[in-house]
């Protein structure tokens, strides 16, 4: 019998691109809040989600340096367990409850791409970079203090898709605002039969279930972000019209499941 | 309504990681036939396939330089449409009929990885290289003639997994032998709910349906191939015990569907 | 005694990033001729070269799939010996003789980058892609015939720098026009001492000496090319003002030396 | 007049692969001390350096996550300014004084490769990864405390060259031991003329001049490291015979010059 949670299933069950959960994550985030044309934001929503009348057009962009761990000390093989990711979350409502929807996400690691698809994150490959803080001070690194600046960018298929700047002002008084909306994803896996291209084998909205979610070193400030047109991409249709808060934080959590929406 | 065949579904339907079929392919192949321990080959077979009693342990390894095209001249954007791929096909039987089973496959392009998953190819990311022939002669390139040599290798997650050599002897008299077995794949998409990790949402054997399949410049000769242990990999358990034919060919075909097996 | 031609010098002399010449090359070229503002072209010329009054502003852009070989069958390890390269050659004069000057060049292989520096090519790392021809026909590949189309692009540091299209019309009657101008390079290696930043240790114009240069399958046609602004780049200042010939060819040659200019 | 410190020299002087110094650095280090066969270590020494009779065979391996800055806020474009590097320093003597010599070094960023060559570091391209610490606690990240474990590895040309583990025990009481030896490099730039391959244009031993060097969060513990054979590499000839200290630190410094040795 073949073993494993994901492809490739294999005799020993160690070759799979993603192991059986739980999956553990820790990361550093450079985040940018902005407002786009509400019509552009609403156009990205799947059936089952509605615009949020209180904040339609609000989007938060995340550039994250991640480290993954499973049940076998995967964090000790950083080739496989580290990655960088960019995604946007659009404000929406599900049955009247405020939620966040992820229309676009890019990641530089195939294991993370596979875990993402299973969670319903529509991941494509990309390269993501963000300015880091180092403990040893000097001119090559910001420190967590007012005025500290961070740059970040994402590319996919050799084209830059977005670049951002964040300038810190002060520690965020209530970081729970970063975690207040559930993230809603769409698990989707196509059928490959003529006549059934529009009848996917899997197509279900799910709510991400983040366990043991923690944040640390959360600072807020100002931000700017710019999107760029590229072939095969629609991210730039979420053109920022108005800048919001910028932030920089560390975050960790575990994933064992998603909750199918009713 | 969101449009597209694969994630991300999007307002315009152009952001998806793989477009709606048909999918067109052309490539150059460096191929290596070998025999491994039949028990090792059989251990990779999914439920529903049996060992081939006439050739148990026979494996063919393919290193391919591919170019993809869809319905929108995708071949003119080679950043997205070119890729390199390595896979092994293991001889097997389905209901008594000789078939080929793909336990492991690596590719350097995320669009190809996504198309692969949908076809049931268990793709992971990797880097694949093979010696090329160029029309302008000289010491930097083999030509298609007896004695011409080709090298090829594949790595994933920074570790070399396999390297091979092929030396040509003569044009292959009957290239149809390369195409004689149907390829059987396993479409597999997990469930992410506690208690259901072993109950995938999709898990079905399918037969690849290659349309308009053609080959050109098919040469056969001798081969050698070596596999290397690596964390998170089981390819090396198919250790070559005896070398078979080497070959070098060009191939093209189209894909619109797979056929679920009864 | 340490051995080797380039760094790292080492006990066995096999670790060096580039071996002792001769160096052998074979490649496929997608080429685009265009005219830019003569002032922009002239601004890229080093001291010692003059504008060509007959063709000032003429530039030829090359996208090349290369395969390298040394004296030790390096072409059999394509990981190290294959690479893709983009460069522009600007028409100029040296002591009244028509020559070509290479202001910008990008390559995806560190061994090629090192060989380039030694030859005086000012290489930076980049990713280059061009549509390929495959022997097996179909919708995924052009063939060498009138109307065949090729796409090509180059990026560096995650930003697209140029993209081009070439449409073939007919075999080039006299391909020697592609080889008629000597390429002039600048070997340059800085000093790292305060007060001597502008006094490089090596700074000499040289003439490339291509031996056994051959071309094959040379077709000409029409072309278009577009440059894009990017941080840390000046290629886009050579904005195309008028399109010239497009071409597609295979080329091979050997390098053992450059000739310092008087 | 063309401007710039390194190639490509250009009209505006912003295209060069490395800007005019000063160069500022900050990084996180996973370090491994070990002893190899003294004869293997001595074989890597250039003319002008002698074995250190007190510690012949001692080598320190560094895996570093770096961030670079110049005079133009380069750290805000992390695509260009971040990189990861692996190198080994071999104990030696220069005119009787204890020094460290860098025979092999790998880096994943072309700007860093160029700056390295100018400083006399014999850089080749490679991929380097090391376990990171994140401020938000959990199962995906070690924290700086006794028992914390770190993994690190380096590959080049698709082959893994080294992998290491470090387990922390306690803060290092006197971190100055990490900085006690001057690093000696060899600036080397070949000649490309027949008959002069062994007469490089530049070949000079220099002493690295690190200004404002600081360390922070320095912990020491135990270590293990393994080297792997690979084509075109000699690192594995420094096979570890005995393990020494492991450490994990942050470091920052500036570079404006190297000092030619008498």
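Chains here go by letter, A, B, C and D, matching the order in which they are written, and residues are numbered from 1 within each.
Just so we're on the same page, a contact is a pair of C-beta atoms (placed from the backbone, for glycine too) under 8 Å apart; a residue touches a chain by one contact, two chains touch by 3 or more.
Please read all numbers here as calculations on a predicted model, not as lab measurements.
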Inset, instruction - Taking each chain's centre as the mean of its C-alpha atoms, give the chain farthest from chain B. - result: D
Inset, instruction - Taking all residue numbers used at the chain A/chain B interface, answer same if over half belong to both copies and different if under half do. - result: same
Legend entry - Geometric centre distance via CA averages, chain D-chain C, whole Å: 31
Legend entry - Distance from chain C to chain A - Cα centre to Cα centre, in angstrom: 39
Inset, instruction - Check each residue of chain B and list the ones that touch at least two other chains. - result: 77, 79, 127, 129, 153, 155, 158
Legend entry - chain B residues touching chain C - in the complex, by the definition given at the top: 24-28, 65, 67-69, 73, 75-79, 81-82, 127, 129-132, 134-142, 149-153, 155, 165, 212, 214-217, 249-254
Inset, instruction - Show which residues of chain C lie in contact with chain A when the two form their complex. - result: 127, 129, 153, 155, 158-160
Legend entry - Contact footprint of chain C on chain D as seen in their complex: 1-2, 5-12, 14-15, 17, 20-21, 43-47, 77, 79-80, 103-105, 110, 113, 117-119, 122-125, 157-158, 186-190, 192-194, 197, 201-202, 206, 231-235, 237, 255-258, 260
